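Chain IDs A, B, C and D follow the sequence of writing; residue 1 opens each chain.
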Amino acid sequence: MNVTVRLFARARELAGQSEVCVNVPEGLTVAELRHRLGQTCPELKSLLPHLMFAVDNEYVSEARCLGPTVEVAAFPPVSGG
Amino acid sequence: MNVTVRLFARARELAGQSEVCVNVPEGLTVAELRHRLGQTCPELKSLLPHLMFAVDNEYVSEARCLGPTVEVAAFPPVSGG
Amino acid sequence: MIELTHDPIDYTQLTERVRSDQAGAVVLFLGTVREMTGSRQTLALDYDAYPEMALAQMQRLVEDIQQRWPVTGVAISHRLGHLELGDISVAAAVSSPHRAQAFEAGRFLIDELKVRVPIWKKENWADGSTEWVHPGVPSTAPAEQE
Amino acid sequence: MIELTHDPIDYTQLTERVRSDQAGAVVLFLGTVREMTGSRQTLALDYDAYPEMALAQMQRLVEDIQQRWPVTGVAISHRLGHLELGDISVAAAVSSPHRAQAFEAGRFLIDELKVRVPIWKKENWADGSTEWVHPGVPSTAPAEQE
């Protein structure tokens, strides 16, 4: 299955695009998606360990299985305010 | 000498006037003035132990000698804000 | 800026006074006339002051804050006279480079103002009685109320 | 009221939204664009967001506050886009019966907003470089800067 990963801030800038499509097996964990995102998009290497992931507007932990999720957000630590 | 004591809030209301003139010996302490104020103005009896005194816009302690001070302020605890 | 006023407080103007390119944070506190105190209902409040001393004490308070925190600006406006429910009785604004300083200084400002600045409020209770508020002093007996 | 906006924030309107006869205290926090960070000089900031999630997380934050403190009203407005020195990036207002609650809730609000709401700022430094701010992540090397 294909997961669309939306990128923000420095992640978007490094990748040069606002989303990337990552081909993954169904039931992948967030930790595994992080790894595959680095393979698909090597420009994110320096930022990869710092990225936070979100599904349906909620943060998700490393162990979370993505199930049939088709859209994930990935971004470095926030700095609003 | 005569000291003018300006009264505020419930003190003014109880005394029925905004200032009272108290005849005192020069060099009186604040503690003594408090006592004399009660004699001059018995309506203040219930409030007397709660009154705060000020000279030249500064709070003064019980032991303070009034010296040639001619005006003193006396008021119950503040409640602004 | 420090003021006592009988007019409604313009807290926007007050806040603009403390804004600065050197500040990353502004904290504004408004005190407003609350209807309920426990089970007692307020209709209105009357504020009175010893004006010269109140202004002098507010100035001292600003100086104390400037010594404790690296504030960029401080402004206080306190209203006097008859205030209705919801009216603003006091506005205090503090700006500083970082937010922790602005929150701490703002809290200190209003806490200290309430114990050292000679301003008093008189409750106008819904039962028709009135009562000067003097923390630590027993309430007036009905016979003493005006 | 929760909003993201590209227009200047009207903090007076925001504050009026939380005022209430049931509140004795209002605390307004403004975040403003500060010129100096240590010895580095900022010319401007650009704010970007993941808007759907930012709004959802701000809503969750308001609900968390309503559970912890007896607040009367809460309102948040965050600006996005290009901000000049002194501009307001965020305004957050809280009202409550007593002032301790308003200060605590207001402080919690801005502290939490800064760690959980997906909004990011990019520094425009006076030396001409730009840099996304990501707390805990090493600065970009010059070659990585746009």
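The rule we apply is simple: contacts are C-beta pairs under 8 Å (C-beta built on N, C-alpha and C of every residue); 3 or more make two chains touch, one makes a residue touch a chain.
Only a predicted model underlies this, so the values are computations on that prediction, with no experimental measurement involved.
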Graph distance between chain B and chain D, where chains that touch are linked: 2
Given chain B and chain C, the chains that contact each of them: none
Centre-to-centre distance between chain C and chain A (centres being mean Cα positions), rounded to whole Å: 50
Centre-of-Cα separation between chain B and chain A, whole angstrom: 72
Approximate Å spacing (C-alpha centroids) for the pair chain A, chain D: 25
Of all residues in chain C, the ones touching two or more other chains: 31, 110
Junction residues of chain B, two or more chains touched: none
Pairwise chain contacts under the document criterion: A-D, B-C, C-D
Chain A contact footprint on chain D (complex, rising order): 31, 47-50, 52-54, 56-57, 78, 89-90, 110, 113-122, 132-138, 140, 144, 146
List of chain D residues in touch with chain C within their complex: 11-12, 15, 19-36, 85-86, 95, 97, 99, 102-103, 106-107, 110
Parts of chain A lying in touch with chain D, wherever the complex brings them together: 6, 8-10, 13-14, 46-47, 50, 54, 57-59, 73, 75-81
